[in-house]
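Dropping the structures in below, format is structure tokens.
Common to both upcoming complexes is subunit A, partnered first by subunit B, then by subunit C.
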Partner chain A sequence: MRNAYLDQFPDEARVIKAAFWSSFIALAIGGVLGLVQALHRTDVFRFIQSPDYYTVLTAHGVLLVIVFTIFFLVGTFTWAVTTSLDRGVVDTRFTWAWYIMMVIGAALAGITIFSGFLESAPSILGSELNADVLFTFYAPLEAHPFFYIGLVVFVVGSWLAGVDWFRTWLAWRRENPDERIPLPTFMVLTTTLFWYICTLGVSLSILVFLLPWSLGITESVNPLLTRTMFWYFGHAVVYFWLMPAYLMWYTMLPKFSGGKLFSDPLARVVFVLFLLLSTPLGIHHQYLDPGIAEGYKFIAMTNTMFLLLPSLLTAFTVVASMEHGARQRGGEGYLGWLKALPWRDPIFTGMALAGLMFAAAGFSGMINAGMNINYLVHNTWWVVGHFHLTVGTAVALTFMAASYWFIPQLTGKELWNRSVALGQVVLWFIGMTFMTNAMHRSGLFGLPRRTAEPQYQGFDFEPAVGTVGEINMQVALGAVILTLSLALFLLNMVMTSIGSNSESIPDNTYADTLSGAEDSPRILDNLKLWTAIAVVLVIIAYTLPLASIIDAGGLFGPDIEGFRLSTWVDPAVIESLSEVIR
Partner chain B sequence: MNIHTYEKVWIVASMVLIVGFIATITYGAVGPGIAMIDDDGGDINPDEINDDERFAEPGVEHVGGNEYEVTVVAQAWSYTPSEIEIPANSEVTFYVTSRDVTHSFSVVGTNVNTMVVPGQVSEMTAKFDEPDEYGILCNEYCGEYHHTMEGKLNVVPEDEFDLTELSVEADDEIDAGNETTITANVTNGMQEDLETTVSLEIGNQTQEEDVTVPGDGSEEVAFTVDSADLDEGDNDWTVTVDDYEESGTLSVVTPEGNESADGGDGDA
Partner chain C sequence: MVSRPYYLLIRMSSGTEQREPDHVRTLGHEEYDPIGTAILIGIYFLILVLLWIFMYFVEFLGNGPTVVGMALTVVGLA
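So, the complex of A and B:
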């Protein structure tokens, strides 16, 4: 008798499947735009106008780091809660409601961004429909109100998803009063808690400042304030999209390796640390911002460095669990056990390669975190290399590998082609190796990020090793390989979904533990305590910087109006204008 | 709580690594003295940049010794001034602000790199030991021609650097038989006195005068020119001080009942 997720929770399976497909659509569009950018920037093939590059970049960023990751997250978390509590959600109508809300939000923001490609965008609510403001939407760059509304609707949808998971857990607790929270649910709940804490910043920034301002209700903004409120959210969000990958590494990867999770207690400690520390460090994105005293930057740096601990612990636990699995499969020797791992399994290999890339990302992240070393690499292509290893590989590759397990679970259909899947994850790894090593290196000699044409009139870049041409070629080649890999992934997903039902789908289970929850103190499960401490840490890290920013510039800033720099201007006009200014 | 021995070792090693990182960064701050951009620059209303004492005339100023201040205004999509010249072996404090959106001021290949947020003044100090040429670029997206926003920073040998400015006041015309004055105004932006020679060449004559221009001051040199020494008609002149030159033309005309072609003087 088949016991896949679909058989256990048919109603939930439909919502999760819908969330995954929303995520795949965002991945497909965002990924192709990535190729457009890579070819344009490196001057290999330019078929769009350079001003449109920034519309492409905005769509690439928002679709991939917000829409793709978070839709996948809500699917994974719903699966994790229901599987580990062994009960369905309280009410699937509520589940559908938040999913639909997220779709509406994403669509609204997406349409607003894509309208930026039109020669003359339609005018709605008294302003032109576009949002060439990138993922960070720094005021006084101003987007159409629909962009901000879309983001808020999407985030509120994710809040309701969190309510759904908590509700389901509370219902389970009433049925099982004395049991420890199962590990996957524990991970979901702690992650949701810090998501609530961090999204408060960006939501207030949008609802109080940016949206009224773009609607013309308020006249001015304080750019440093809205920027700081963005980064209050902006680093925690990277842990938010990373946590489903961690969840898979802790609860599934050991199983795919053929063994058990090394330690449940340490996994809980890791997630508690993320709850505590993922928000009070956002200022590390503002090391080079004026108007914020050095002391506050130092606090953010210290918190950042301590947040290395949970990732280092994860590295240990995941590798130890893989070794345990390999030894169960007959692996021997100090390193010989590596050969006994199931390298032909795309799910295992994808996640293992993603973890390996994440280790490299950890090292470049340590450089970014070092506040004075950061001067060298801030806003260079180095940073882009860094987050293509984190969200672009650790997260995206884990999600794709996990999909090879999830989609059969959700559809009751066997994966269309395992060899193509294995090739796909390896191609992703190779493509990212080309692209990110080149991006990292280019940052060391100052090649900027977020730039359509990094070619300047007055000077040339001087790489210590290699050439700018070679770096561009590696990035372009990497992007082509990644796009091919993405196409193979989507092909496999489509072919699997239209395939026929199979009885040989593995049971829906997650990894056992060598050292279980009973080995950890109960206080780890005290979510109220950890939330309270997290809030206190946020207050310590943010009260004074925010107070001094508001004190200096006022809540609404010194008469700073919006700039819509996205309307079409003839380049010749710009040329003569800049001559005049000079 | 049950923690495996290897796990304990790993945790301790991780903590040592983390504390080590923090210690290294702290050393960088207090040892070599790498300061972060902070709130020292203060705030400014972007609409009042033109009236601001510091930013009304952006550019290079000498503070004293080998210390200089450079003020820069960033706007979409250029810097004012777009080209900056400073001497080698100098310590330069940059003050940068934005007229419109968020920019950056990043000197390529150095760690002079700051965000430029409207409403704020970014202040940072750097040392430039050797003559070199650096590109300046904006690495924060600031609108659709963001990629065209660039500048230059030229570090010139110390002995080739000055902050001298020359302006000249002179009449265009002189009646034959009269005298006129050509006045050179030499401004010295350096804090030390400038000892130099101002010279005027006109016709086939050369006049020279040695001057001492006080630090952060200016000096006027007046050259008296007698029409008797000049030819009838146009006479080109050139005033020179160090590497600076100003030139113009002085016409000697015949007064009263002249036969000049236009004869328009009498028009009411």
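So, the complex of A and C:
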């Protein structure tokens, strides 16, 4: 008898399937826009006006790193909680409610961005509907209020998803008071906790500063303050994207390799470290911002380097789990065991190649994190190369590979074509190799990012190796291969979904462990303790920098005292109030 | 929930061809020694060191030094 996820939790399967399809739609649109950008920037094929490049760039960024990743995350986490607790969510109506809320938020932000393409965008609430503010939407770039409202609704939806996972876990705990938190649920809960901590900053930034400013309620903002509050969230969010990929690497990849997870306690330590360290290091994105003292930047760099620890622990644990599988499959020798891994399985190969790219990203990330050497690559295409290795490959390729397992689990239908799937993950790896190596190299000679036409008259970039033309061709070729890979992925997903039911879907299970929860200290499961320490670390890292920024530039900019109340209130009332205050 | 090895359950795209179990032995916690992993991680560290040396030349010989100063100055103690 079949025992797929759909058979165990049919109601939850419907919500998760909807979340995955929402993420696939965002991936499809955002991915195609990536091709448009690559061809435009490299001057291979330009069919949009250069000012529209920034609309494309904003849509590409927001759709891929917010909508695609987070919809996939909520689906994966709901699967992980219900599978590992072996019980459904408390109330699927609540689950549908947060999902629909996220859809409304994403649609509102998306429509606002795409209005930027219109010749004359409609004027709503007193301003033109557009949001050419890039994914990093801090001031001085200003979007239409609907963009900010959409983001807030989306994030609140994700908060409620967190509430859903926590209440499901609490319900399970009442029934199993002495049990350890199962590892997948532990990963979900720790990730959700740091999501709450980090999104608090960006929510305040939007609700107190950017949205009132965009609505015309306040006259101005302190740009450095909104930048700092964005990056307070902006680095932790990269771990939020990454944690579902980690969850798959820890709890599924060992199984696909034919082995067991090497160590449950190590996995718990890694997730605790992410809870502690994800947020108090955002200032490392602001090494070049004047107005933040170097000492604070130095503290952020130190915290960032500490965060290499859980990533290196992960490299060890995940590779050791794969090696365990390979040796159980007959692998021998110091490195000969690599040949015994199931390289014909698209799920395994996709995740393994994603992990390999992540190792390369580890190096470029260390360069970004180094305070002095960051000056060399800051705001260049190097950084774009870096995050196409992390979120663009480690995360996206893992999600696509995982989909080859998830969609049959959620639909009860067999994967349409495993060979196409295998070709797809390999193509993604090849395309990204072309694109990102060229991006990294171009950063070393200063080719800027966020620029529609990086071709300048009377000035030539001088690469140490190769030519600018060769680098551009690699980027364009890489983007074409990636788009082809994306099309194959979507084709496989559609064909699988419209296929016929199958009885031969694997059981819905996750990897067993060599060293289980019983080997890990109970204190690791003390979520209150770790959350308290995480909050203290954030306070230590951010109180002084924020106080100093506000002291130097005011809450709403220098010499601006705050709300332009006259927009809403009779000036006579203001005058009399002012008299009283004086 | 008891997890069953994936390879026992996976099927090829034809839907009829069952993949043969590739297990030739079962390795427990005590008998498994992840030496291959240690070698791979060692190679990775070596690559990191070489790339760091490469970046030294790129930065310091290519564009001039941009060192931020003594550690004490950086943390505002001197």
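We take it that the second predicted complex is superposed on the first by the 557 of 582 C-alpha atoms of A that agree within 3 Å, B and C clash if a C-alpha of one lies under 4 Å from a C-alpha of the other, contacts with A are read in each partner's own complex, and residues count from 1 in each chain.
Keep this in mind: a contact is a pair of C-beta atoms (placed from the backbone, for glycine too) under 8 Å apart; a residue touches a chain by one contact, two chains touch by 3 or more.
Just so it is clear, the structure is predicted and the values come from calculations on it, not from any experiment.
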Subunit B versus subunit C as contact partner of A:337, first or second or both or neither: second
Partner chain in contact with A:366 - subunit B first, subunit C second, else both or neither: both
First, second, both or neither for A:294, with subunit B first and subunit C second: both
Partner chain(s) touched by A:512 [first = subunit B, second = subunit C, both, neither]: second
First (subunit B), second (subunit C), both or neither touched by A:255: second
Partner chain in contact with A:448 - subunit B first, subunit C second, else both or neither: first
Subunit B versus subunit C, judged by how many residues of subunit A each one touches: B
Touched partner set for A:316, first subunit B, second subunit C, both or neither: both
Which of subunit B and subunit C A:329 touches, first, second, both or neither: second
Contacts of A:222 with subunit B and subunit C, given as first, second, both or neither: first
Residues of subunit A at both interfaces, subunit B in one complex, subunit C in the other: 262, 293-294, 312, 316, 320, 366, 371-373, 375-376, 515
Residues of subunit B defined as touching subunit A within the complex: 1-4, 6-7, 10-11, 14-15, 17-18, 21-22, 24-25, 28-29, 34-39, 41-47, 75-78, 80, 82, 100-102, 104, 106, 108-109, 111-123, 133-135, 137-148, 150-152
Interfacial residue positions of subunit A with respect to subunit B in the complex: 50-51, 54, 57, 132, 134, 138, 140-141, 222-224, 227, 262-263, 265-266, 286-294, 297, 301-302, 305-306, 308-309, 312-313, 316-317, 320, 366, 369-373, 375-376, 378-380, 445-446, 448-454, 456-462, 515, 519-521, 548, 552-553, 557-560, 563, 565-566, 569, 571, 574, 578, 581-582
Subunit C residues touching subunit A - in the complex, by the definition given at the top: 1-7, 9-13, 15, 22-29, 32, 34-37, 39-41, 44, 47-48, 51-52, 55, 58-59, 62-63, 66-69, 71, 73-76
Subunit A residues touching subunit C - in the complex, by the definition given at the top: 83-84, 86, 255-256, 258-259, 262, 293-295, 298-299, 312, 315-316, 319-320, 323-324, 326-330, 333-335, 337-338, 340, 342, 345, 359, 362-363, 366-367, 371-373, 375-376, 414-419, 444, 464, 502, 504, 506-507, 509-512, 514-515
